[in-house]
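Chain nomenclature is as follows: A, B, C and D, assigned in order of appearance, with residue numbering initiated at 1 for each chain independently.
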Amino acid sequence: MSTFGNHFRVTTYGESHCLSVGCIVDGCPPGMKLTEDDIQPQMTRRRPGQSAITTPRNEKDRVEIQSGTEFGITLGTPIGMRVMNENQRKQDYGNKTMDLYPRPSHADWTYLEKYGVKASSGGGRSSARETIGRVAAGAIAEKYLRQAYGIEIVAFVASIGNEYLFPPTPTHPTAATNPEFLKLVETIDRTTVDSFLPVRCPNQETSERMEKLVAEFRDREDSIGGTVTCVIRNCPSGLGEPCFDKLEATLAHAMLSIPATKGFEIGSGFGGCQVPGSIHNDAFIKAPAIPPGQNGLHPSVARPRLTTKTNNSGGIQGGISNGAPIYFTVGFKPPATIGQAQSTAAYDEADGVLEAKGRHDPCVVPRAVPIVESMAALVIIDAVLAQQGRNAARRLLPALEGVVAVDTTTMQ
Amino acid sequence: MSTFGNHFRVTTYGESHCLSVGCIVDGCPPGMKLTEDDIQPQMTRRRPGQSAITTPRNEKDRVEIQSGTEFGITLGTPIGMRVMNENQRKQDYGNKTMDLYPRPSHADWTYLEKYGVKASSGGGRSSARETIGRVAAGAIAEKYLRQAYGIEIVAFVASIGNEYLFPPTPTHPTAATNPEFLKLVETIDRTTVDSFLPVRCPNQETSERMEKLVAEFRDREDSIGGTVTCVIRNCPSGLGEPCFDKLEATLAHAMLSIPATKGFEIGSGFGGCQVPGSIHNDAFIKAPAIPPGQNGLHPSVARPRLTTKTNNSGGIQGGISNGAPIYFTVGFKPPATIGQAQSTAAYDEADGVLEAKGRHDPCVVPRAVPIVESMAALVIIDAVLAQQGRNAARRLLPALEGVVAVDTTTMQ
Amino acid sequence: MSTFGNHFRVTTYGESHCLSVGCIVDGCPPGMKLTEDDIQPQMTRRRPGQSAITTPRNEKDRVEIQSGTEFGITLGTPIGMRVMNENQRKQDYGNKTMDLYPRPSHADWTYLEKYGVKASSGGGRSSARETIGRVAAGAIAEKYLRQAYGIEIVAFVASIGNEYLFPPTPTHPTAATNPEFLKLVETIDRTTVDSFLPVRCPNQETSERMEKLVAEFRDREDSIGGTVTCVIRNCPSGLGEPCFDKLEATLAHAMLSIPATKGFEIGSGFGGCQVPGSIHNDAFIKAPAIPPGQNGLHPSVARPRLTTKTNNSGGIQGGISNGAPIYFTVGFKPPATIGQAQSTAAYDEADGVLEAKGRHDPCVVPRAVPIVESMAALVIIDAVLAQQGRNAARRLLPALEGVVAVDTTTMQ
Amino acid sequence: MSTFGNHFRVTTYGESHCLSVGCIVDGCPPGMKLTEDDIQPQMTRRRPGQSAITTPRNEKDRVEIQSGTEFGITLGTPIGMRVMNENQRKQDYGNKTMDLYPRPSHADWTYLEKYGVKASSGGGRSSARETIGRVAAGAIAEKYLRQAYGIEIVAFVASIGNEYLFPPTPTHPTAATNPEFLKLVETIDRTTVDSFLPVRCPNQETSERMEKLVAEFRDREDSIGGTVTCVIRNCPSGLGEPCFDKLEATLAHAMLSIPATKGFEIGSGFGGCQVPGSIHNDAFIKAPAIPPGQNGLHPSVARPRLTTKTNNSGGIQGGISNGAPIYFTVGFKPPATIGQAQSTAAYDEADGVLEAKGRHDPCVVPRAVPIVESMAALVIIDAVLAQQGRNAARRLLPALEGVVAVDTTTMQ
């Protein structure tokens, strides 16, 4: 379906070649300042053409708010948003080569199998352009999370091909046990990440190796994948709706819904499956007192009294956030469109050779960074609204022995 | 939330220490033969105590159907199911050691932060017992999928600690490019998997190494994680509901909702991010003709006319199944309950030492196999019902030029 | 579907002749006292056999809580509930007369058309027994609403056949404009209603006329319908989720989902369509100050500063509650099962005559009273949880000019 | 919420004074011809200013499809639609009279109570302009229903004030028992209804009395309500999803979500509550054979073998359609905006007098006709898609004794 979220509900529309793409955001809290200026920066960060190693097509992607705000304040009603397409196909060009072959590892074939209609853009909604609605909605979610909790969401490139920011080692089969990684988790911000354009990997040396690797693939008319790690800081404890909507489950859902993704890891991830329980367990310690209102926190929001010494859990235990930084990693496959000739079959089953014309993006990972952040924001705001509602409901019940009052240890 | 699925909707209930656990399945097709005998085998496969290396507690877990069938045939109405608990806590035992400390990397702390109530079972619904409802529902889903399409779902242990069935190599950073793995994907069945109890890894030598490794961790009162790979064969093309409910996204959601999971990979997965696009792309070839009704298929179900030479996509492209086997891998962390003493903080913030009494399961991965299969079945039946509905709707529209008729290439 | 509500989600199961009926309540606030004793009274009020004019079959209907509470306190996890059936059909009795004919105006025929399976109970889930799960869930909802807001929900019989508590007149085509009716709306309680058993119409004279009318229909082996009016007092303003889930829309949905209902009216209803706007409009007046905590209100809940002079709106304007009493009326048709012989066609299209054996309920309206109350409670708690969540989200935003703070005029 | 439907999901956006209003339709079957020309006629029918007795403001309301079609064929992806507003408020005009008073029986007050933000349009989404998205979506639904089943949906004005097309009589407390009404139900079409503009009541004499009545109210600067009856013909049997989503329940939900509605009746409705069961029951008879493909039916659609002699059920029994015409009635209150001076309180609690300037619509009932039809179409297509899916799922199961095959008696 084209709707994401239960409380902060985003419904997107639009193919590559239609009039516009956009979305409706239903459930945004009323009374929040909001204009296009809050949304445009992430729209621009996801645009192609930001550097030599991303695609040179120049999209404009100006977002227009259609409804749901008045005089720059949200009304609590649905927020419609629209971005015009500039590559509308006005007529059917007929049997071009691209129309005879389903592109390998693209969505052309499966969209036709599913819908029975062959859109001129091939895989209809599977193009990167579909993510515009997600990013626009994510920017609104982020603004609320920042204002209400001081939540910070930062993603960066963790690997391209076999070049890793924190390569697995026998000591650290997962970066989660590496103190340097944990320090990065605590401190990384978007300005730093963007200072490492075009690859958005926040380490000078690794960044250069990655850039070189991508250039090699571009020169070979080939492509390469990689991974993006995303960090969410200042998240209140108590987020996530077990048993089916555990926080890591909805994050995984969100991330695997991004085009070209192949995997998701929370906290110590697959590497953590190799770490003994005695090391992997995150012991509890008394949390340092943070005066409400400091560290970007809303004055009325209390922090948990306990935290964990290590963070192999990635900030989530039993499907619920524990107040520690949440972090996860998403894998992206090599782009399917490559300049090299490929032997493949046509729709009519005849064998043939397909060659993609023009210049193509040899690696989408850097550009995926704002998309990962946006989907993370959509997951977190949905969990926040669910838990705020639960706490509000609890707050009106008579106090009972053995029941912890809302206002003492958990989020508001 | 406690409901999974949009068309085949499963709602579960039950903690470890309450009267019973169970579920309601809403949306099961009417007119299907169904009794407890169809459900019990998977219930039994998930029971602890099946061998020396799993927990010795002996649960009974007899499922009783409450409603939704009559004389062994489904009515199309909600199917209630119930399994009695035998460890009900009739009274509060008060301040035992286990009650003073939130267990590290368990859900005790986060459940308290979320709900404000401390259940005697600690993390309420986070125990493995919660999965009973999933497995019962999954068994019903599987029966339909098998009868309607000949769909086969088989999971097996792919790694424990650093013992792998297909360890990553420079040539094959992902098993997906390894022909031996692909052969296993095509042929593995549950009988074979269970012949490798207690570890359920279908290779004699690896299986023995894993068994030995688990024994070592048990002897050290420690624990270890691992991975489960799951294969879905005979799946029709066209399953998955982009853009947010891509098939891999709902699979990831389902898998990360299982307790103790840390990661999910579809097809070539994280290893595939290191493979060049020119190798990773799955070229199309003409599919071998399979007479309808053969190979377990329903007589009226046509197969796609094209298939792929390789299967790095794991049977899903653009979020939609392409008819090739679907396979994915799920990572499980080391169990949090270990016999070793752990330094940690109590609920009241005081430092202390926690020691878990009794015998504990050093590795849950073998027992996770039927749970992974069940959740896969729930995802697939939901996607099947969605796509069957779409095709049924299409079938009544007038034929149009450029639109492929339902009955020729896609699932019914 | 068998689920009602988005935030307080009730999923029911069970036919007349299966093992049990019941439900799962997901989303109940944690930390509330709850035992079977809170639920049983409404279960008993809905039981048949409470008087000479309702059906003499004696059902027991003891509810058992399966999960979601511990030591009498809700955990915030799903609450499973079960009531055993005592009329299970162990075997198929074959071609009895009742099995040859679809009963006129029953659900036998349509259930067969829909599901293709003929349940021995005929219309499967369409029997009154299905409402047990609703009433059990409604009792939990009511307890929360009463504790948190002092909300009172009271239904009563407003008409049977052409005997009306407030018959329409040229002056008052709707009771809404009648001051006596408005006084009743302000004061009626369940004890008073039940003192008028068997008809539950709170007026001595009308009650007697109704009882006589029902007796006549019983003696003629015929049946008769009627209407139930329901009042919801102390409801906070701000409930209802336009534009599709206006409060009257979800109330209408809930009421028309009760078996045998034919109509729904909010406030002035159909009679109000005949009243000029100049009379029908509810002018605003300053609300009398009610000290928080009085009148059954929770101490922290502020009341709206304005109220309306009249209440033709029935407490809802623009789909949102305004703080005035909400009231609505539901129409119930005459029961379809009558002793009189009926000429009708059999499943095999042959003409014939159907005679229902045994004693049958000539009028279901009095027994519908607790069912209407229960569904009202489910609608209101769902709207309350939605609005509590919205207000909780708003509360953390920086204050803005032109935005009213949560804590001053609206519900918490 | 702003989404309606589970399978054919409509999400709307837009206030009166923002940039545009519109909607996203998700779940439209692929492969259907669709252009703006299919949608515009109903958009135009709902426009104000169609005659002397409706409001003279002239809206344009040209719909633009943004996505989801290519070359005039639906792709199966979300269909975005947009209609520009022409009355955007570019700046806040401040304290005009209208801004000081919440208009009586409008949504101004309750929107402020709910959202805490005072939109310049008062009740935000409560204006009639919000219905544009519904009508656009409904037109798409109607096209599918007509092409697939020959379904016809026709609404007409049944009463204005106390002028009725079929006034209740002692013999016929409900029109349902009146043969003339049933004949109208079988035959009425939109062309006939529109030939009775401005009132859309298909009877010359009643129509004239209504027109006169409305003129009187207009001259008095007052307003009056009325009722709309809607008929759905050629509906397959088996539609509706008990127990909570009975077909009459979702129809009631849809209708009560339309602004200014006060009541809903299915079939015999409230009048039917006065009719004895022996008369009210709809006896079954053998249905006349209708060759598939005749009477507007799709060639592959079989009709039920039985039908009912009378139709007090209004085509729905046990919450499921039985193949007979479905009909229901919706009550609309007198418009709240009247020219007469009204004594009422201001937002600041001060008493005062409010006078609405300009010309206002004294009766919205005729203009509600296409809105009622549109919402009916949205309900029916959602039920159709659900049941098509169920039947498609059933069709692949092995044949069982006692189970009716899909293709013989029910809809495809």
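We take it that a contact is a pair of C-beta atoms (placed from the backbone, for glycine too) under 8 Å apart; a residue touches a chain by one contact, two chains touch by 3 or more.
Keep in mind that what you see is a predicted model, and the values were worked out from it rather than measured.
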A-C or B-C - the one linked by more C-beta pairs in contact: B-C
Farthest-lying chain, centroid of Cα atoms versus that of subunit D: B
Separation of subunit C from subunit D, taking each centre as the mean of its C-alpha atoms, in whole Å: 24
CA centroid of subunit B to CA centroid of subunit C, Å: 40
Inter-chain centre distance, subunit A versus subunit C - centres from mean C-alpha coordinates, in Å: 44
Residues of subunit A engaged with two or more neighbouring chains: 1-3, 6, 12, 30-31, 71, 73, 76, 114-117, 125, 390, 394, 402-403
Chain contact topology (line, ring, star, complete or other): complete
Subunit A contact footprint on subunit C (complex, rising order): 6-7, 29-33, 71, 73, 76, 144, 147-149, 298, 300-301, 384-386, 388-398, 400, 402-403, 412
In the complex, subunit D residues that touch subunit C: 1-4, 6, 12, 101-102, 104-118, 123, 125-126, 130, 159, 161-162, 173, 217, 220, 222-227, 237-246, 248-257, 259, 261-270, 272-278, 280-286, 304-306, 308, 312-313, 316-323, 331-336, 338, 340, 342-345, 347, 349, 351, 362, 387, 390, 394, 402-406, 409-410
Residue numbers on subunit A that touch subunit D, as the complex places them: 1-3, 9, 11-15, 17-22, 24, 26-27, 30-31, 64-71, 73-80, 82, 89, 91-92, 114-117, 119-120, 124-125
